[in-house]
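A, B, C, D, E and F are the chain letters, set down in written order, and residue numbers restart from 1 in every chain.
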């Protein structure tokens, strides 16, 4: 964290002792309150993809620092990820055509091999490597490991695309008890052991419910939920699940936000206390959201 | 902590998200590092006495908040206190004359009764009450409880004034393991069970050594150690034990600072990592010293 | 215990081997039965006050020996004490007038300071010192330590006199598990953290109920409950709670015995198996009552 | 224990409260001191044999009460027994001649069958039954169970008579930890699994050494060790191992006492603190010896 | 097991690697499934008696090997035995007449002494010795040890013959947890501690029920249950409890098989999963029955 | 395992009860002996590659069954794998040229991406899926997870090819303690967190040493070590490490066998008891080797 510590020292000079005391008095009760609780963080493929070259590394590094710091003060973080853009890229490279049906990628056996290579061989080890560079013990697994995530096919038209039917929470509890930080790739298996491609937002939601997580955080490349997508002032700071369901019914929520909101609402139903939509590109967004009074992005509560 | 949280919210406005992130990134590694370690804090009778009326309460309240916050994030704080000024006050009220010999109060059986009433019946319960008002489990004990501190007479001339000969660390470990915050009054017993008046700085030093404490903090009513008492710019920020011993030998250290420095050096010899002299009247001095890069007062290290 | 062992050796000579065998066969099943159970003993301020000079020490020493012996064979003793006579004495010495209302001392802030100094600075450390002289680990605490005893004001007329509303049994269980013998001074705090003077008989009863104690023993300066105060032959040996309630209603019980009996009945309601009123001035009364077939004083049972 | 409790109540009347207090103050420190320690008691075949009819039962019942009371206050008693007179009786009944060589019974395969039937089928279950009648969990085993006692042949002339070579202490520790009172019959096996007849005094001594017992008690039908067998006033109350070895060398100790004293000295060498020779016919001799200042019989110490 | 290993090596040559692989693949799931479960084995007096000289030893040795191997791979075997033929033999030798009433031996005090000597002094140590020769820790106990088996008299006409009324399963669980293999002789005690002779089949059944055993195996000298005693082809391989009850009612089951079947049905009612009747004279019958697909003898299931 | 169980039933018919008994008696002591021990199995890329279509699945299925059966009877298996042939295939498909230097693949950043995709995204999940289909909890990790395997570059000429410098055994112990079967892909990281391609034989050897494994098994596509590669009769059944070192020095061992033998010898030096070279294509080779007296392939011992 050398470069960051330097940046801190610059900022430090403008902060008085009283400023620091005030922030500590603000943060310590949150640290106490959340110590021992589980936080599931969905790290988006978009966030990874967007930042390219140097900027990508910075975003991932800031994210990894936040996860390691949360872990160091006693929280139990679990990272879930997908990798849509990276899958597109390898499919193109291998000359494999890919089709979408009702917003989901139709997944043939050939496509699935690419999905596995990207999620397990590219994205997952990148996140794990970044965590471990900071001295932690990140461990990459997928929903197919240790029978962690079970699924059923979503439809007859989508091929090997699964819908999560069960999460074996004990597997993650054991890894967390052992001091590991699990990084979970969004694939799953059905009863017969066949591997499926599953939506990472859904996996994150199901994992958070199964773990009785305190928080589920979606790190994305948008600021949060807007009532009017084009109007930055329509950002929703905090909203109850019931009101959100009304917005869904009324058609106020549109496009790619719909499945994300549905996953969030399922997590509320599953007992997760709060779901956050944060812009993962903002430096240390996760840390500030969890440990200070500042509310960033959108919080959804029961 | 209502009023303080309000104050925080005022300060909050001038701090950006990035400021807060920077301070958290600065503080969390300290929190991680000191979690589980023991910190012994000598809370001075002078600090209590000086602040009178409202101001006294504020100092004690800020001190108690710091102790409770340290405890809440996993440190094991132990408070040690004396009560010189308050003893003077009750002796006067009861019309008992008190004599000093080589800087120590000659303690008769009658004086000792007053010492016990003040330390155990006034000062100790005041500190405990303040801690418990914040929801913690402060427990007042003295060196005579559970055979915690054993002493021998300091001389033939001082009556019931004892020098610490042994501290039963297990007693404090058990109380800390049970989630209590021990507040220790500076009295002790000899082999026969006779109670003695002992110097609180020495008790704090001996307790810190016995507990293998990470830190021993003397909260006083001065800014720290000055090479020239009258020159604020001569404040020593950090000093090694060897250099400090030289200063003692050379006569640079004078007056009431001599026994305090001697106690600090004994703690260094006893294995305590760092001894701090802090001005207890500065709000949250303890918290800022322990959890940030800012150095306040004087730090003595091995 | 040197002097006592000598006394024993004198008595020993008149006792045959068969006598000793008989007493052991009598006592061992009681030791087995009560091992691991909790016994709360209220040690009365009167008992302490009455014996003055040498005789006081002897009574306290015999009491302390009994407590330490009970502890050594596996019982979990808790001592509760007040200090009425000693409070009177210091109030007089400090020239503070004290008023009684409906049998309870009206307690101003000034009086409370005296109460704390006497209970915490005089009586409590005296008992603790005597226990520790015998090699045990007595630990003096008060109801204000670790949020042990919570209270509410008894009335608008009594000032800082509290009625016990809750006892945090876990605090005492932890101290007992750690091998300490808790000695509890009868003060308490309300929700705001304000300290109150509370009746020691009530504290003992509430503590015994909260701990699910096997026995609650009131050591006083009288022989037990008499149906006719002036008639020694009217001593009640054993009585059920229902019958005792009838006596209370009929007005047979009078004077200072009324609150003590009420406390005892509350302990029966709280699940304590047996309450004993014993004359604390009789040597080793506690030991003989608990470990032999001899019934001393008055036993109240459910 | 009904009849005994009646007897106690008669004796009770002549004992004052002070007498009882004195005995309790005497006994409780012993109970504390010996709680958790192991006591091995050799119960002699002679003691069983001698008392015939009613008197035998009484001796055995008093012995069983003592063992159960020791166990009830936290000691870990182990009983070891032989059965010489009973073996003689069955051999006679079955018309089997038996020969002695150098004081030891020459043991053929046929004799061994009788030894096993008597020790395992008669004596052992009698002792166990008496213990269990008092509500304890006596468990009869032999040195051949669970590879408890290993032996080698004593000589070419004695047939299946073994000398103890090893005791598997863990077996007894586990049974004691489980709350059982082991009653051990004096047979053993060699490396090949062959069963042997072994001397019960030796088994008791080897068991006591292996268990690091606090005490080894030989309950016999004599008062203790006399320097002159015919002179009751020559009874030795207490003697060191070295002095005892001198007496052996000088020939002061004669007859059947020789092997018993040798076993006792081996136990001293094996780390047993004290060996007692007591008259098992005296009621509750065991209890009085262990829990009071009265010394009965002969004590041998290191 | 030297001789057996030699035998194995001979057989080995005719078995291919594929044969061995197949048997391992067959056996390992059984080993996994039964690991940690309890198996109660009734070892019949007839089996012991019949094989005389060399052949007896071989049967017992094969049996002991099976028990030790079961134990070595994690099962918890308990052996129960009687000893009818051996009792007859000693009664004859001692010239004691013995009478039967309704198929049960009328047991006088004199007869009981013989029963105890035979079961505890002959049969039990023989089985234990054989187990221990193989390196295990067999421990011989009876229903009278540690209050294991309680009984009531079966009738006014049978004297000291008891019917099992209760089994203290915890005693056996502790011995099994300690790594012992319990070998239980079929005697029991009534409430007063009086010892009784009880039927070993009934003891085995009651023990299996109390332990919630997975299996109860009767090792006898017959092949299993035949519908027609004289017709080997009428052997029942597997039968449900209800059907078996019908056979009992219809009188198809006759003679000595009746009480055995009744015991088996009681075990089914007591929650034992499967009861097996096996010919104990077939080498390793127990091992093959438990760990392979081969069904030997008769299996009774719920 | 349905199809296999059918095959078993066919073989079963030709095996008598005595055959089965003999094999059980042979296998159970091995099961007992190896229960709780760790076995590291290197599953070769060649074995996977060679069997294509149906035959590949069968080999992998037989291998997975063996691992699951070993695990089910208490062993702690760890699988290590590489994937050379599969890497070649994807490199070709992506049109990336690959160069070898001194027998090792020169690994550029581009090649490494392919290595990761193949090992983590193809081979590892294939093995895990097969294990989990049988109901176990296989978990796929790599040497880059949780800082499991640390390496340094092998040379300046090979790019990102690493030599194992350290294995963090605790990571695998925790996974094994949690009931997982770890499947380890052969990549590692250096101090800076950079990922490297490492030889799977070396990883297996280093993992076995770090875990103090009982056995290290190399499953390959050859029968074992031959002194003369072309002469099947020169197969070495069993060889000591010293003799093997001589063969290496003398040049008897040639080609691809050299690095494998070097890895094996390092495992012997690291404390592994036995190293086996087995033909992974033989059905259940692993099971038969571990649990029977049959020796397959080549065993190397200290």
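To be clear about the criterion, contacts are C-beta pairs under 8 Å (C-beta built on N, C-alpha and C of every residue); 3 or more make two chains touch, one makes a residue touch a chain.
For clarity, every value in this text was computed on a predicted model and none was experimentally measured.
J.: Any chains in contact with both subunit B and subunit F?
T.: Intersection of subunit B and subunit F contact lists gives A.
J.: Would you mind working out whether subunit C and subunit D touch using mostly the same residue numbers, over half shared, or mostly different ones?
T.: Mostly same residues: over half of the interface numbers shared.
J.: CA centre of subunit C versus CA centre of subunit E: separation in Å?
T.: Going by mean C-alpha positions, subunit C sits 61 Å from subunit E.
J.: Centre to centre, by mean C-alpha position, how many angstrom separate subunit A and subunit B?
T.: Whole-Å distance between the two chain centres: 45.
J.: Two or more other chains in contact with one residue: find those residues in subunit B.
T.: none
J.: Going by the touch rule set out above, what shape does the chain contact graph take here: line, ring, star, complete or other?
T.: ring
J.: Could you list all chains around the ring, opening with subunit E and heading toward subunit F first?
T.: E, F, A, B, C, D
J.: Under the stated contact criterion, what part of subunit C meets subunit D in this complex?
T.: 1, 4-5, 7-9, 11-12, 14-15, 17-29, 31-32, 35, 65, 69, 72-74, 282-284, 287-288, 291-294, 296
J.: For the complex, which residues does subunit C have touching subunit B?
T.: 93-94, 113, 116-122, 124-125, 128-130, 132-133, 137-142, 144-147, 171, 174-175, 178, 180, 189, 192-193, 195
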